[in-house]
Structure formats: structure tokens, C-alpha cells
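Chains here go by letter, A, B, C, D, E, F, G and H, matching the order in which they are written, and residues are numbered from 1 within each.
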Amino acid sequence: MKADPRGVLTGVHFLDGDHACCEGALAAGCRCAFGYPITPSTEVVERIAQRLPTVGGVFLQMEDEIASSIAIQGAAWGGKKVLSVSSGPGISLMMEHIGLAAMTETPCVFVNVQRAGPSTGLPTLVAQADMMQARWGSHGDYEVIAICPNSPQECFDLTLHAFNLAETYRTPVMFMMDEAVGHMTERVVIPAAEQLEVVERRRPREKPSDQYALYRCEPGSRVPPMPPVGEGYRFHVTGLTHDERGYPVMNAEAQDKLVRRLVDKIRLAEPELARYEEFQVDDADVVLVAYGITSRVVQRSMRLARERGLKVGVFRPVVVWPFPERRLRELARRVKAFVVAELNLGQVVLEVERLAGGTRTVLASHAGGALHEPEAILKVVQEVLR
Amino acid sequence: MSRTEIKIGGFGGQGVILAGMIIGRAAALHDDKDATLTQSFGPEARGGACSAQVVVSTERNLYPCVTAPDVLVVMSQPAYEQYVGGIRPDALVLYESSLVEPNGLPAGCRSFGIPATSFAEELGRRMVLNIVMLGFFAALCDVVSEGAIRQALAASVPKGTERLNLDAFTRGLDYGRALRAKGG
Amino acid sequence: MATAGRDGEGAPPRRRLRGEVFIHRERCKGCAFCVEFCPSQALALDKAFNRKGYHPPVVVKAEACNGCDLCGMYCPDFAIHGVRVGAGVDDEG
Amino acid sequence: MSQHVNPVEPFLRMERMPHIWCPGCGIGTVVNCFVRALLKTQVDIDKVSVVSGIGCTGRIAGYFRADSFHTTHGRSIPFATGLKMANPELSVWNFSGDGDLIAIGGNHFIHAARRNADLKVVCVNNFTYGMTGGQVAPTAPLHSLATTAPYGAFERPFNLPFLADSSGAVYVARWTTFHVRQLVKSMEEIMHKPGFCFIEVIAPCPTAYLRRNRLGDGLEAMRHYKQSSKVVHGADTRSVDIELGGPIVVGKFVDRDRPTTLEAMRDELHKSLGDKYVPYPTGVQR
Amino acid sequence: MSQHVNPVEPFLRMERMPHIWCPGCGIGTVVNCFVRALLKTQVDIDKVSVVSGIGCTGRIAGYFRADSFHTTHGRSIPFATGLKMANPELSVWNFSGDGDLIAIGGNHFIHAARRNADLKVVCVNNFTYGMTGGQVAPTAPLHSLATTAPYGAFERPFNLPFLADSSGAVYVARWTTFHVRQLVKSMEEIMHKPGFCFIEVIAPCPTAYLRRNRLGDGLEAMRHYKQSSKVVHGADTRSVDIELGGPIVVGKFVDRDRPTTLEAMRDELHKSLGDKYVPYPTGVQR
Amino acid sequence: MKADPRGVLTGVHFLDGDHACCEGALAAGCRCAFGYPITPSTEVVERIAQRLPTVGGVFLQMEDEIASSIAIQGAAWGGKKVLSVSSGPGISLMMEHIGLAAMTETPCVFVNVQRAGPSTGLPTLVAQADMMQARWGSHGDYEVIAICPNSPQECFDLTLHAFNLAETYRTPVMFMMDEAVGHMTERVVIPAAEQLEVVERRRPREKPSDQYALYRCEPGSRVPPMPPVGEGYRFHVTGLTHDERGYPVMNAEAQDKLVRRLVDKIRLAEPELARYEEFQVDDADVVLVAYGITSRVVQRSMRLARERGLKVGVFRPVVVWPFPERRLRELARRVKAFVVAELNLGQVVLEVERLAGGTRTVLASHAGGALHEPEAILKVVQEVLR
Amino acid sequence: MATAGRDGEGAPPRRRLRGEVFIHRERCKGCAFCVEFCPSQALALDKAFNRKGYHPPVVVKAEACNGCDLCGMYCPDFAIHGVRVGAGVDDEG
Amino acid sequence: MSRTEIKIGGFGGQGVILAGMIIGRAAALHDDKDATLTQSFGPEARGGACSAQVVVSTERNLYPCVTAPDVLVVMSQPAYEQYVGGIRPDALVLYESSLVEPNGLPAGCRSFGIPATSFAEELGRRMVLNIVMLGFFAALCDVVSEGAIRQALAASVPKGTERLNLDAFTRGLDYGRALRAKGG
């Protein structure tokens, strides 16, 4: 489907990432948002509070992040495309509800504009240290999709994509910005509505009946269609382990059937979900792996390296979870080493190392609060190639 | 590819970010260049030194940080002191001359001062200090065209204040032009 | 000798008290609370700036200060305070 | 429907029976009353949503044959707020236990009442955490016993009608499971009343509360409710505290009008935005 | 101490000055008053702990030269509860903003008041989230503007003294930063009063609230406080709502006595456990 | 130091794991606990509520897990040894405060009696699917210690150990029980107090003064001593990035210095922290890796395998985080494969795979709700060896 | 014909009504609410167990039942309900 | 190593867990064996079938689950039906004879019924049904000694109810002994 023109601010703008993210959400059809302010994500809710009433939507600032993270789920079942946004401390408070969304297959987008932690940390300064939390922060087995934009333009484009994926897979999508991208202002081109492809919620084909089963998937699919509320389906939604009807069933078989499907619908979709960029990997001895803002920094490191005659390329996962596993394993077979640059003390590097299956994997860490010096990353590359 | 790094510094509340925003927007939307604005945020922005950085380049600018400014615009002494160390040896330094004493400037730098606060106060609103500086910048730095800055300025200031801001801009511009004519 | 003025509650002075006020110019952020609420009108904002660019208070009627320290209690920047000097009955409620 | 069919059956997921509630538990009684209120008001059940948190009471959602949501412990109110905001034509009912609504969920409760979210909130107050086996609740009377207050509760309990009232609820009533007729009537009243409506229902939990406190079984509790309740409509909510084994003031205490969240939002936006405001439904006909 | 030294200096971490508060912000005034109260009561500052959540007000902890704790947003009360329970001889003071204490922290607030935790709670109410740049707060007057209520606040704000009162606080007062003497006096009063004591201080936030609402700067707000405040000691807390630009009722509204959490716990345990109870200090001399 | 006899219930008992955990805490000197009930952990708070008043301690049931998880930190700074306990949903709510404890170096023990998730899941049934959450659940970079007991006796012994580690490293310790261990009743022997070694909090040697720096470590140490409250040190504790004095410092250097130390004090202590058990690994072709209750189940799988002539051993990490990395790498060099059995769909296996560096690593997954069938694990082993 | 008794509120009957009561023995958990609060004393607990081991109610005075359905409203297990039969004024408030 | 798996089943509220607890404690503390008690918990425990499992062994018992009970003790029909399928072909089955109809029992099993509910009601408290069953178990199963069970029983029941419980135990024991004497 094409985007609803009401929400699309077509034109060329000079926007920061937070604002562009908001515009991406509106273009995607988000018409309901709940939030609670926190640096450096506040601009997203501020803009959405301002914009939604003018496009037929509704925003409420809730009493906290816990309320926001579940209010959006109520709204999602109420038929809306929804988003909430926060940063580290607030995202940590949302963890129970991210699990709820995964368990109940509630499409929703959680924007995390990452700042440096742990705890209150450096509220105004950049980090990328919530990547593992995005994947593992709630209890129990589940999978999410996590996306890392590296520019305001991508904050627009990929927020829209995030909504599309949330609807397609009925899953929470973690939109993992970072403070640098969120607070960076650049040109953002917003196309006309009819150029924007938007995924609408898949409704059940069948009419309401006693036979209706909320979580019954069509053959070959792992994602059930989602009924509208208030139209007679009379479905039941629970965070308990449930059967196809949505009814609680308290045993290991039900657990296996349900949770395995929930996990598999994301894990096995890795090939479709994979999105990455590559630069000069073809002849590379060392591939720099980086995402979000750091994927821009390593570009300079790569240039510095190439200037020194070192064969260095860049691999940038755009969708970080599920990790573009297939491609990384391929690369692992032909490169000498990976250098993973991230604004943390070692997160995504663990996944790279695991997938590298013996190919040397080295971390260029940075505790956050600023970006890497491109030279520092170069140094790690040089050491690796020594 | 040509790349210019601009840093603007001052106290929080002096409109440092807005100045950066106008320069960036001018470059990105009206001069058809690539521009990246970054800034320092937070409680800091209320008291101490606060800054905006603009990278303007003719191609897609990947690396967003300002590491060694080509141009430094400063409106407070702490900002000057904090930032002057990092500038390029041949940088252009523009400063508010009643608030900043540009001591210890590297030899290769060109520097120009303007009593922008007084100009702004003369115009009736101290708040337009940043716009005076912007005009001054337009006069002395050619990275972004004056026309583009004027367009961006008009689009960036609150309705009803366009006149005042244009006056402030012109005041800074004229002062800068005069200096330049004198051989800046 | 200072003439005691009205305090924050508007309580009438019991007797004349003498005081001294101390100002830390560089801490001031020019909010003018001290000037406005000094019961003795002992203060005014300076025309000159401090290094932060604010107009700090100056004592314009030193003899009027009764040392009530209201300025000290008000000042959000801990830049001013008053003290009693010599004998005097405490007029605080 | 056949006379042999219990009137609740069309409204419940009978395929899920027997339910998990213990013999003599009062929760089923509350379900009965809700069904009667639905029958009497003839409301379109397709437009009724039932939202619960976690707890024995929270299981109501799972048995109700309406669109129903069994959310997380303490969070039924914000979930319901989202649901209602997204779809204002729904009649959104919350059924929550005292722990769910007032311990972990207390903040949402007071904020939703404050902003007058258009929710119908029924709290089954059994003075304990039934589901987890009888821990001390924020409604537990002083000196009552609980597994986590094995020597007697020493914290002053909340008086729920007062808390609801002082937070801004537009309708506040309290009944016990003995007062089935009155409870049905209250539910009927709020079915069409816009705004945050709150009904506290005192209910027996023989398993986790009554027995431990030597208050007998469900039947004894019901007798106690019958004997010790005093109907005082319009009672000052400050005066309706409950003491261990003491009298229970019941009645409709508050019934007032003020704009719901969505109405207030609409008015404010309309005033400020004028034409730029794209009207959003409030779900309320006034 | 030398007369040239500001009396706050021995109590503050002067090495951390200048503080982050804006020109005309009222928070520093509250700090002054607290220092005066400490001086007057001659309390042993080593036994005073200052606890804050996150926010501009929350930064008080960081400037106070006492054992001080800058915790997480909304959670100063439960942290303080733990601190006090572990070490009852401490005098535990909470300084929190309105968002911190009542938005995200609202549940802890009402529960701590209910159980009468022995905490001294000072809320700097500037009607907004100062630290994050002026979002709408649960105390924001109707129709006031905020970044997240760009068209005007449409939710009824909490009346904090009423909320504290109805939750069970034993001492409730409200002042503005204009009322420095009275604020000092209230702080002195609660320094030795056992139980949950609450003082609301209305304070100017020129940066994030006043300017956006065209209410001028800090000085104008202070003038407004002076002109529009009415001291009504013992006022019914239900009557002390605040409207945008409207009058402000100030005074000491509630002052009553009931056992603190630790006292009630001790009594209950003693009664039930007899000799088996190993007495635990309550930190209160009565 | 020796344990305080008041808290030690010396004797032979028939206790379930939850109760034994409580006794371990009391023996360790825990005198302050805050909690909120949740199945299957409730018995821990119930017992502690009953026991603490008889040993000079204090328990309060808080309004929720968020309050509990920070009240214990207030109490820790107030001078007590502290614990809170919960299960999945409640633990998710504690995430912000686990980060706070890590950042402020507050010794505390979080007991998680794992049940099956995600979300409400199977409240009464077993799983081990919060293992990655234990490590990554809060935002930002930090490390915790996580311990998995496999019997009520170990619930006693290792809870005591957990307290000792919390004090030694000034860190939150995640005591990762599972429902099976928590609800299993067995003989528990509690020794006499004088046989129990208990670590007391290290206090600063220096007297209070203006020079006192809260987070200054003694030479060679990464763990600063912790001052008592109320005795004149006048320290400041913040979740913001801070310097040695504990004062907020908002820049990347402070961040690097602080957060790197916090992470390193645990990571680099892996050799001291490592605790594992091994069974018949010496000649093993396949090593079964399992922890918690599953480490007992794999014993039977191993027996079944050995009966069939398969050379199978068992490696059981007791301290799971930090993972006993050194030992696993050693094993990886000499075995053909690891089979990791855990009651989840793949968590610790990722770490094993990463460390195995190419040695085949296979998961025997189970979504929870029951224990593995020993035969199912055997089957995986057989497939691996085929 | 049944004699209407007092209802839960003790309201006096307006006129005699006839009713019928239906019992689902196997659902019953023997709480006795229905028996206790039937205004017509139409019910009693059975001596025999149902399959769950509870004593369900039996109708002891069928003619007394007025069909008020109080039993139905009380029954926590949806095991009983009453209906009006024939004409009759609804006496519910 | 000898290992015996015992499963006890019934409705929630019948004291199934306590019965298991006493057997386990008897074995672990008084018979010096290793015993592991596991149980099913939760809302289920209020309504449907509920069970306790005890594994008694002469060495350290590593695998805690009961997979094929050697002994099944049941106090309700649903429990019987749910659990009978899993028992060993030669299992010992003890049941409450007024609540359980042991149909379809595998041929190799020995089974004994006792009207424990009536006995308990005769003793004045239906609640001691489980203890009557325990006596019955002690009489017919030798894995745990009678003396050990008596010790564990005394330590496990609330103060003031020891007499009643001992009576109930004896009642079950005697009935079981009599059956056994008859050739059980």
C-alpha cells in the first residue's frame, strides 16, 4: 500500500535524527504514540505531540515508561500503528513489556536513542551500549528486530521500514538510534506519499465465529493475521503461554509450540530481513564491522587505511538483530580478520566472533561519550595486520 | 571533495545552536552542499560552554565530527578558551569582542572581532547577538553564500521577528564587510 | 546604622538593626531576587557585567542593611548574604 | 436462550470451564453481576473490551467471551488507556485485584483517575494477593495475617474509595459480593457514564485470606458482609476505612461529571489549533 | 566561620560550583532554606542523608556536602526507605522535582505516605520537567504550554498537598520560594518530626516553564508568588488547587501523629513474637 | 570472618531450594530484604519475612519490584547486606536498578527463580531462559556475576557465596535459580556458624576528610572500599558517570575510566571467580555443558551415553557469568564437540560456541515447562557423533 | 406457586412470583452461597457428593422458588440460576 | 544404587504435598537415604489434579524427576486417570476407594484401596485424609520405614494436631496392615 498523504511531510528538510524519526513514523501511518521524556530522545515525543493532532492521531504523555510501553500495545490492539520512544533508563523500564509484545505478537516500534550508560551515565552523550539489551533485555526466549540508522535521512527511511517490519512480523521492532544520529541535523528528503510503500496490518480472511483462532497461521506462514478489536472476533490475548485460540495452556508442549514459533518467525527470516552495506570488501584483508553512527566513523578509518595501502573494507549491518549471519559467515571465509568498532566495551563483537568461527575478531571498543577517533580504529587494524 | 569544519561556541542561551542551524540549513537546502550539524546538549547547555559544529562539504559527508575547525565563531571567553586549542593552524576566528579576549591565537590564524552584544542591544534585543554574529560570519567566510544564509535565516526565526533578525544580520554583515574591505 | 524594612512576610520591624551584606560578584547570575526583596532597598543591580555576562548586585545603601540575610536565603547562586553586626534583637519569627 | 442455560454462558468461554477459582471465591460472583449488567443495558458486547492484569481476579479476562486482554501485573490501566485512546468507541472494562490495581499498579490508577481516562474499573478487593498464595496487600487490614506479614500487617491500608475520589474519579462505589443487586446496578450506571468510574467489590478469598485469619470460609465471609455492611450513599470517602473484621460502609459515594481525557484533549486542541486540528473521536455522546 | 563566607558553604560541595541551575531558578533558594534549617536545628549533619531522583531538583544531592544519593528518576523514595530502614538513626531527606516525585514516582510516594515511612520529602514544584527541557508535568496547570503539550495541557493536575494528605502524610505544607522564612520554619519543624513529612515548594523555572508560558522570568514569578499567595494554615487540602497564573494557597495544612513504619512494625512484631523478636531500632524517640 | 550465629540455622533440614536460599542469605549476614511476591520465588520472601525479625533484621514488602530493587540499595548503603528476589516479570522490572547497582558499586544479591517466559509465560513451571538477561538486561556496559545452583543444598551454600562475592567485588550478583531447584525439597545440611566463612564489607582505612574519595581504589585493586553512611565521610553516590570522588563528570574520559574499571573488575577476575564441576571429561569426545537443574539431568544422559559406549563427559559452570572461559577454551582444544543443554532456545550456547572457536557446538534446546528428557539429550549426542 | 422471600437487601416482596431454578451439579463447588441467600429457602445442600467431591444444592421447596435468580448471581461457579415462569412483576429494584 | 519413584496425586487442598513432604523428610532425615521431593504448583493446585513426587535412593540422587513411578498414591479420580498411564508395569498403586475407581490398571500392578475419606471424617476432620493415606502407604510400602515416617509426621504437622494426625496415621496403617496380612 501507499502511505497516507496526511502523515507525509513531503519535501526537503534540514532535520535532526529525532525529528526525522518522528516523520518516518507518521509517514508509516503511526497515529498513536505514548511516551515519557528522556534525553536524548525527547525531541521525538515533542515533535510527535505537536504533529499527531494535525494528522488525525493522538499522543499522550504517560506517567512513566512502563505505562507508555504498554499503552502502545493497547493502542496497537485498538487498531493503530504505534510507537514509543525512550533512552537507556526508560528502555530498561520497558523490558517487561517488550516481552509482552513479543509474546502477544503485538506490532509496535520502540525507539531507543542510545546514550552512555550504565544507569544514568552520560545523559546527553552518545553510546551504542544497549545493543545486547535490545536482544536480551526481557526475560524468557524471544527475538526482536533491531535496526540501526546512521543519518537523519535513514532515521526517516528506516523508521518507516521498522513499522513495515513490525506489521509484517507482528513483533516489537527496536529502532536503535544513538545520540549522535538523533541529535545530528542533515538534509532529509521526504518523498511524496505515493512513493512510499507501507505495510498495512494483515486482517483475518475469515469472519468472526466460534471457530476463530487468534493465533492460527496460514499454511506456510509463522505469522498469524491480526483481527480488529470491536468487530466480533471476541479474541483473548494473554502473556501466558497460550494455544492457537489464545487461551492459556500450562504445559511444556504448548510452550514449545508457541515460543519456538515466536523465535523462529524472526530467526528463520534472517535472509529476508538482512540489510547491510558493504564498502570495498571485495579485496579486503580486514573488514571493519560497525553500525549506526560508528559506521560513518569507520569510513574514515577505512580511507586512512587504504591511503596507507592496507586492504580494508567495511561491513555495516543495518538490521543488526537478527544479525546478517549468512553474509558474515561468507565474509569470514575470505578475510583475515574482523575489526568490530562499536561505542561499547564489546557487544555485537561477540556475535561476530561467534559467527566468524575462528576467523580473528578484534574489538575496537569505546566506552561512549564521544565517537571513536578514526585513527584509533586504524591503529587496531594496523595491529591486527602486523 | 572540499570539506569545511565550522565550530560555534558560547554560553547556553546565546543562540549558538540556532546560528549553527541556520548555517547548516543554508548550506544543505539552499547552497546544495552537504551539511551536518552537531551540537552539545544537556544541563551543560544551561551554564558553561556550549557549541554547535557544522561540517559543510561538496560531497556526501560521512564523518560527522569537527576535529579541527576551519572556522571558529565564539561568543564567550570560556568557549574561546575551550575551543581555540583544537583549531587548524590557518583557521578563521570570529569573536564577540566585548566578551572575548582572543589571547594566544596561533600565528597562522586570521581573527576578527565584533561588538555584537552592543549592536544587538542597540537593536533593542540582546537575544539577536547570534544573528549579528551570523552576518559577521557571512561577510568573512565564503563557505556558505550570503543569499543562502538569508533564506535559511528567514525560515528559522519565529514569525514576527524576521525584520529584527534581518537587521541584526545586516548589521553584522556590514561590519564584517567593512573589516574585510580593510584587508581582512 | 540601617533602617530595617519589611521582611518577606510584611512583618513590621521590631527595632533598628545593623547589618552587613557580602556579595560574590562572579557567582551571580543577575536574577535580581536580592535586589527586589531586600527589605531595606540596600541593593541595586550593577550596570557592569561580571565575567559571566550578568549584572550582579551592588550595595547602594550600605547603612540601610539590617543583616536580615533575606538576600542570602533568596539567592539561588549563593552569591550574596547578609550578617548582623553589633547587638540587635533577632526579629525573625 | 434455553432456560436451562445459565445466563452467563453466552458471555463466557465455557470451553475453558471449570475456572481456576477456589470454592467460595467471590470472583465468580462479580462475573455474574457483570453479565447481568450487560444483559440489562443491552450493550453491544462486541464493543465491550475486558482488560485485566495478573492475579486471580485478572483471570476474568480469560473467561469473558469479549475481546479481552490479560496483560501484565499492575498494568491493565495503561493498556486500557491505550486501547481506549486508539478506539474510543469501545467500552473498556478493567477487572483487577487489589494488589494488581493498587500495589504495583497504584501510579497508573491515580494518574488515570486524574486525567479522567474513560475506563470502567472494578477492583475485587480480597485484602490479599490471592494468586500467589496470600501475601500482604496494600488493602490488608491492620493486624491481619499474611504469608509475608506472618506476625500481622503493620502498614495502614489504603481506603480505595478515598484514593479514587482524591485522584479524581467521577464515579466511586463500594459493594461486597453479598450486594449483588446493587453491584449490578452500579455496573449498569457506569456502563454509559463517561470518565474514570471505579467500583470496589469486597470479596471472599477463603484460600489465601480468610482461613489464615480465622475468618472462616466464603460463606462465613458473606454472612459477615451481610451483617456488618452499612449502605451510606454519598458517604464522605474519608470515612470508609475498613478494619479487620469490622463494619463495611458500602454505597455509591461519588457521582460527578467532568470531561474525559479525550474530550479535554479535543477541546484544548480545537481551541489552539483551530482548523489545523484533525478531529479525533472521543467516544462520548453528551 | 568568617562573615565573608556564605553560610551555605560549609554545607555544600563548593568545589562543584558553579551549579547547573539557570539564572532565576528557584532550586538554589530551597537549598539556602535547608541550610538555614540545619543551622537552626543544630542537627548533626553527619547523620543527615540527602536523597534525590533525577531532574534539576535532583541535582541537590550532588551539591550537598552530606552523605548524598542521586538515584534514578522517580525512585528516591524507595531508595530512601531502604536507607532509613537499614539505618534508622539517619535523618533522611528527599529532594525531588514534581515529575520525579509524582509522575514516574507517584506510586512510591503514595505508598510511603501510607506506611508512614520516616522520610522528609521536599518537592520543588516548578510545574514542568525542567531537566529535560519543559515537558508537561502532572502538576502543570490546565492550559499551560509545554513542549509535549504544545497546544495546552488538558489533564487535570494533581494537587500535591491533597495527594499527600489523602495518602497519609503526617505533615503537609506548601510554600513558594518567596516564603523563605516560612520554608525554613517548616523544615525545622519536620527535622525532628517522625514519619512521612511533605513540603511542596512552588519554584520558578524560567527556562522551561515561565518563558514558554509568557510568565516572565524568575523575578516576575517571585513577584507573582508574593502578590498571589495566601497563607491559610490548616487549609482543607482539597481546596488548594493551583490554576495557571492564579492564586496560591500556602501554609501548613496537616500536622498529625501516627506511628512510623518502623514503630508500627516493632509493635506488631513484639505483640506477636514476644521474646523471639529481636528488637530493631526505630530511630524515633517519643 | 565467621558467620554471625544468630542467622545460622545449623542442623540437617529437609528444605526446598527457595527456603534454603533464604537460609543461605541469613547465614551470610543478610539483615535487610525487600521484595514483592511472584511465583516461583515467593517462598523466599515468605521465609525471610518470617525469619528476619527473629535475627535482628528487617523485611518490608514493597509496592513493586522496582521499589524493592532500589530499596535494597538504599539499605546496602545504610550498612546492611541485602537481597531481593523475584522471577522473570519482576526481574525485568528491576533492570534499571541492576544497572544502578553496577554503576554505584552497591553490593547486593538479586535472586531470580527462573520460570518459563517470555512475559507471564508459565508462572509455575521451570525454565532457564533468563541467563542472557542476567548478563545484558540493563542498558549500557556492565558486568555482573551470575551463579546457578542445582540443589537445595547449593541454594544454601551458593547464596552465601553470592553474598561473599557481592561484598568482595561490590557488584550485583544474580543468583539464578530455576523453578525446579527452587521448588525441589532435599536434605540441606547447615554447618555451625564458625564453619562458615563470611566476607564482611571492606571499609576505608582512612578517616573522614575533605580528601576522601569514594571510589578511589587501593593500588592493584579495582574495587574501592565502601564507607559506612552517617559517619562523616559525606560521600556522594550517583548513577551518572563520576570520578573517584563520586562526582558527576560528563565526558568520554571519565566514562572510559569508570566504566572500563567496572567491567574489568569482573571480567578480569574470571580466573578467581570461575567455579565449575566436571564429570568424566578426561576421555570425552563430547562434553555436555549444562548448569542449574539441567546439570543434573545431563548426568543421566551421560550415563545413558556411557552405557552405549559413547565417550561423553559433563562440564557444569556453577558461576555462569563471567563464563569459565579459560577452562572452556582448554576443553575446546581436545574434544570433538560440545552439546549444550539448557532450558531455553539458545542462550549460554552462544557463549560456548564463541569460545569454542570452531569446535562444533550444538544446542539441545527445550522451551521450558518441564525438564529435558535425558534421552532427548542423548539423541543429540548421538547425532553429533554420527 | 412459590412464596417470595426476602432478597439480599431485605426488600419486601411486592407480590407472589413463580420461578424455576436450574442446577448444574457437576459445576458446583459446594460453597452454599445459593442455599444461604435464597430468599425462599428453596434450596439445601445435598448429602451426596458430586464427582469433584462437593455437596451441590438440591431444590427442597420447588414451589417456593420465585425465580429471583439471586442464586444465579451469587454462584461463583455458574452452577445454578433461577428464572421467572409465567407472568409476574419484576420486583428487582 | 536402588532408586524408588513415588508419586502422590489428588485434588489441590487434599494435602498431597504434605504427604510427599513427610515421606521425603522421613527418608532424608530419619532413614538416611537421599530423597528429592518435587511437586506441581500454581493455580492448577487449586482445582485440577495436583501431585507430589518423591524419589528415594540409597545414593546421591542426581536426576530429580519421577518418570515411571514405582509407587502411585492417588486420592482423586482425575489424578488417577492422569497418572496411571505413566507408572511401571509392576507398580504398587494405593488409592482412596470412595473417590477413585482404579479401572484399566496394568496387569502387573498390585493395588490397594482404602476409604480414607470416611476414616478421616470419622476422626472428625476431613483434612487428615492425607495422613490416613500416609499410614496406608507405610503399611504397604517398605521404601521408607514406619518409624521414620512417624518421626517426620510429628515434625511436619501444626502444633496441637499431633494426636489427631497420629490417630489418622494409625488408622491407615492398621487398615493397610490388615490388607497386607490378607496377602497384599
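Worth a mention:
Quick note on the criterion: a contact is a pair of C-beta atoms (placed from the backbone, for glycine too) under 8 Å apart; a residue touches a chain by one contact, two chains touch by 3 or more.
Keep in mind it's a predicted model, so treat the numbers as computed, not measured.
Here the chain-to-chain distance from chain C to chain H, counted in touching steps, is 3.
The chain with its Cα centre farthest from the Cα centre of chain C is H. Chain A and chain D have centres, each the mean of its CA atoms, that are 37 Å apart. In whole angstrom, the spacing between the mean C-alpha positions of chain G and chain H is 40.
Here the CA centre of chain D is 33 Å from the CA centre of chain E. One finds 57 Å separating the Cα centroids of chain E and chain G. Taken residue by residue, chain G touches two or more other chains at no position, since every residue touches fewer. Counting partner chains per residue, chain E has residues 18-19, 21-22, 54, 70, 72, 103-104, 106-107, 111, 115, 131, 138, 151, 261, 265, 269, 273 touching two or more of them. Residue positions 39, 53, 63-64, 66, 89, 96, 100, 119-120, 123-125, 238-240, 250 of chain A each touch two or more of the other chains.
The residues of chain D lying in touch with chain E in their complex are 103-107, 110-111, 114-116, 138, 143, 151-158, 162-163, 166-168, 238, 258, 261, 264-265, 267-269, 271-273.
Here chain C touches chain E in the complex through residues 7-9, 20, 22, 24, 27, 29-33, 36-37, 54, 69-70, 72-81, 83, 92-93, going by the rule given at the top.
The residues of chain G lying in touch with chain H in their complex are 51-53. Across the interface of their complex, chain D is touched by residues 6, 32, 34, 53-58, 60, 62-64, 66-68, 70-80, 82, 96-97, 100, 229-240, 247-248 of chain A. Residues 11, 76-77, 99 of chain B touch chain C in their complex.
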